[in-house]
Amino acid sequence: MNNLDLGVKIGQLELKNPLITASGTFGFGKEYGQYYDIHSLGAMTTKGITLQPREGNPPPRIVETSAGIINSVGLENPGINAFIREEIPHLQKLKVPVMINISGNKIEDYALLAQKLGKYDIDALEVNVSCPNVKQGGMNFGTQPQSVYEITKTVRENWDKTLIIKLTPNVTNIGEIALAAQEAKADALSLINTVVAMDIDIHRQRAVLGNRIGGLSGPAILPIALAMVYQVAQQVDIPLIGMGGILSGEDALKFLLAGASAVAIGTANFINPLSPLNILEEIEDYMRTNGYQSLREIIGQLK
Amino acid sequence: MEEWLRVKSHRQIGNKIFCMAMESSKISQMAHSGQFIHLLCGKEYGALLRRPFSLSSIDKKKQEISIIYRVQGKGTQSLCRMEEGDKIHALGPLGQGFFLNPTYKNIAVVGGGMGIAPLMEIIKYYGGRARVYLGFGEQPIEIEEIKKYTGEISITVEKGNLGKKGFVTAGLAEQWKEKPPEIVYSCGPRSMMKEVASICEKLDISCQVSMEERMGCGVGACLVCSCKTKKKDQKNLYSRVCKEGPVYWREEVIWDE
Amino acid sequence: MNNLDLGVKIGQLELKNPLITASGTFGFGKEYGQYYDIHSLGAMTTKGITLQPREGNPPPRIVETSAGIINSVGLENPGINAFIREEIPHLQKLKVPVMINISGNKIEDYALLAQKLGKYDIDALEVNVSCPNVKQGGMNFGTQPQSVYEITKTVRENWDKTLIIKLTPNVTNIGEIALAAQEAKADALSLINTVVAMDIDIHRQRAVLGNRIGGLSGPAILPIALAMVYQVAQQVDIPLIGMGGILSGEDALKFLLAGASAVAIGTANFINPLSPLNILEEIEDYMRTNGYQSLREIIGQLK
Amino acid sequence: MEEWLRVKSHRQIGNKIFCMAMESSKISQMAHSGQFIHLLCGKEYGALLRRPFSLSSIDKKKQEISIIYRVQGKGTQSLCRMEEGDKIHALGPLGQGFFLNPTYKNIAVVGGGMGIAPLMEIIKYYGGRARVYLGFGEQPIEIEEIKKYTGEISITVEKGNLGKKGFVTAGLAEQWKEKPPEIVYSCGPRSMMKEVASICEKLDISCQVSMEERMGCGVGACLVCSCKTKKKDQKNLYSRVCKEGPVYWREEVIWDE
């Protein structure tokens, strides 16, 4: 029955299917394991890790908007050392490819993070140059082709497994940034991270989020993400991981047709923990209905 | 755990306040007083995320759970259109519940507004051993229900005349000084719980509070539901209300924000 | 009863209330006149005009997304000469302030447009440096502080009435572009125009829009627009006209609190032609409920 | 014009196809055959924009208008949940209707699928003077209704056996050569109307078609509903289906796209 070939290649990684869980929405992979066997995923991405522990932004950290949510977690994480001590042992045992999402304040941070993680049996790094919730560094890096080039190069020098650069949508020209990452030998690109956004409570006359500004995700941003994936796919030769508002198989297929080799599921996990599996099934249905054997017949095939 | 729940009854019990009972073969068996469920309320009004609700009743024999909620925004507007027989998807039971001790003889419960919901099960559990203090804006709810379990109820309202006038916390210090409860359970507005915690601290009484914070996943994966805490074993200042909470010991919470 | 002061000042214009209809969604002001007296508006903005007639993009030109719409009209318009001949006579007669939205392919276009329009009794120019649906010029102008500065300066030299520059959200740093426009003596800024976006029909495996790419508007972009208005309000001293997804009085009040002096209503007109009036009423209700006499007590008052 | 319409009846008349009659004191009085209304279908399924529907019946005396529609996406899903007595907001009547001439003795109507909707009023108008050609995918609709007005109906289906097998346009050229109608009215898939227009061009028969395009405002203000046309008096190549359309003379439409 299931003789469909859903495999995709991201750098040196062979994913058995294109469904990846997005960074920051899937913890370190423990919580959703209660809802389904996470080995059925193509891959999982962990919450962003920094060199030093970060306590994150003051609450509230989430607000719902029309077809979207804004979050301002602010990269809360225990820091790389605690992460290695407490999470790596369990992550190394998983039989699903794991991508570690890292963030830095300075270019050297990224080098150090890659070095530290290089000692463990981990499949891929996803380098977040794009978090809009962090004042220093964070997004500023991701908006300049030059610094994206340098970060990518630095990490590349310290990491020989699969290297993915995650791009921010909050830029004038995402294509030139994608090209800079490719030139510095990134294996793949993830796009998009959240879009800078804000909500206001008119009764309290205050920003709803403790941090005022946050990042918009969910269905509201899907058409924005899709345009970026499509545009970047025309410009680079490395595989893309598309994300932004994917809730259904139809949504995921839009990204695949636009040129993404894989898709990541973020906000949808909150709505339904089983989303990644449901989306996978819907993709399989589509392939059967339309007589496709392999996902490769779909990727980038927009007419 | 996830489960499709069947609505068994759904009735209005106050101004914009509803009680919904649902058939549950799985969650009902695992649930503990103080835990919550994360409900997919329906998209009619555009709610995207799930909404968290404390379990106001857990009946393991009848395989039934209930929630008491107030209609507030998009999610609860959709929720209140659910009819008997409709199905609703839940994650749960989630979070850490209350610490219950069968040997306690004298406990107190302080609820404010909708904060009454998670306290209902505690009142049932301790029955006559519970002194219940409830504060409402104007209209008390569920009083008859509570009276089935305990006679000691004190009701305060901010306006209207269906109870004592004022804040529920007024006079507590004096009463508890005289006859200290072995533990106090509280849920309601933050300022109220802060006051209760502070009274308990002064009188050195154990106290648990049930905190609220806006949630994403509800299962500990997204770190949006943070509450400032000082748990000793924790590296992070913030703790996840959905996982480490919603029930905390009073001394764990950092109140001033 | 109605002793509320809703007046706001945009450049030399005194608007009796902050409700403006957004360019491209209100034609040349004729169509919606059947639904209500457009003199009850604070002002109206016309569809974008260019030097030469433009036939616009191939259909379909609109698609609905989650809480948004993408349009790819592509600045269809009869050109400035036909506009002056056929629309100006009627626009000059209106007793509601009219803002003429203009677009160019080259910097000189803008100068010429301003010169031609300068001869007529028109209240304000809104200079669109930001249309994402036009290949040459259009958005490229709006993404560079230097060219925004030059366009603004050129128009300023040819136009002494109220001059508004309309900014695009598709940039890395909207603040620096806003500052460039202010430095070149713009009287006010409009933000935001639509966000670059795309939708795909997975059955036909084609982009839904004839032009593939279009601009996203509607509630989906409200939080993005709000963040930009808030950020720009911190940086410039000239008034802002906020827009992007406003459907209700509450939405409008968010923009006012964030620092906009007026708001423009676009997509909402399509849903309900009476939206601007309803929104105005809701603002008045809010003012009465909260005891405000004047809108100035609200503008920029976010705590 | 805008009006709140009250649903008078709402019934299923085919697979996913519904007919909804609405009380209308204003639109019904102004409406002309071929015009459309722009309906706010409801937000249950997330539809944001209004949806355009041709008037399938206009009863000025009963102050009633009807639409026939197929459930397709978010808007029509919401629409089909409307019940008798519910109110729905409409803009209308919008656009240019059909050119009707009381002196015509012999006209033809060619409809494909849901294209039948705007043609119903024409059939009523011309009655026995109308020859009706209808093409369906599988299941014909409204045939009994049409038979009340004219006996000359020819039905074609692409599959199934409730009519001739094939395309509705097959054989039209021959029939019309023999007995040319004074005018042909057509609505349906673009390819069908293109074929009808081309037959009429060859035979030099007048013909009107009703075009569809995705709409924003519906009133001429946003320019998204463009159809390529070559009206002589128009400066722009594109014309607005909502304002200059939806009905065009065959020679106005630029078909090849």
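Some notes on this structure:
Should a chain be cited, it is by its letter among A, B, C and D, assigned in written order, with residues numbered from 1 in that chain.
Keep this in mind: a contact is a pair of C-beta atoms (placed from the backbone, for glycine too) under 8 Å apart; a residue touches a chain by one contact, two chains touch by 3 or more.
Because the structure is predicted, anything quoted here is derived from the model rather than measured.
Annotation of chain A and chain B: not jointly contacted by any chain, touch as defined at the top.
Centroid to centroid, with C-alpha atoms defining each point, chain B and chain D lie 57 Å apart.
Centre to centre, using the average C-alpha position, chain B and chain C are separated by 47 Å. Taking the mean of the C-alpha atoms as each chain's centre, chain A and chain C sit 34 Å apart.
Note on chain placement: the centre of chain C and the centre of chain D lie 36 Å apart, centres being C-alpha means. Shown for chain A are the residues that touch two or more other chains, namely 66-68, 218-219. Shared interface positions of chain D, i.e. residues touching 2 or more other chains, are given as 46.
If the chains shown are joined wherever they touch, the resulting network closes on itself as one ring, and no chain has more or fewer than two partners. Taken together, the chains touch in the following pairs: A-B, A-C, B-D, C-D. Taken in their complex, chain D has these residues touching chain B: 43-46. For chain A in complex with chain C, the residues that touch the partner chain are 65-68, 70, 143, 170-173, 195-200, 202, 204-207, 212-213, 216, 218-224, 226-228, 230-231, 245, 250, 253-254, 257-258, 286, 301-303.
Taken together, the chain A residues at the contact with chain B in this complex read 24-27, 30-32, 34-35, 47, 53, 55-56, 58-64, 66-69, 71, 73, 76, 78, 82, 218-219, 267, 269-274. Listed in rising order, the residues of chain B touching chain A in the complex are 1-2, 40, 46-50, 74, 89, 91, 213-228, 235-238, 243, 257.
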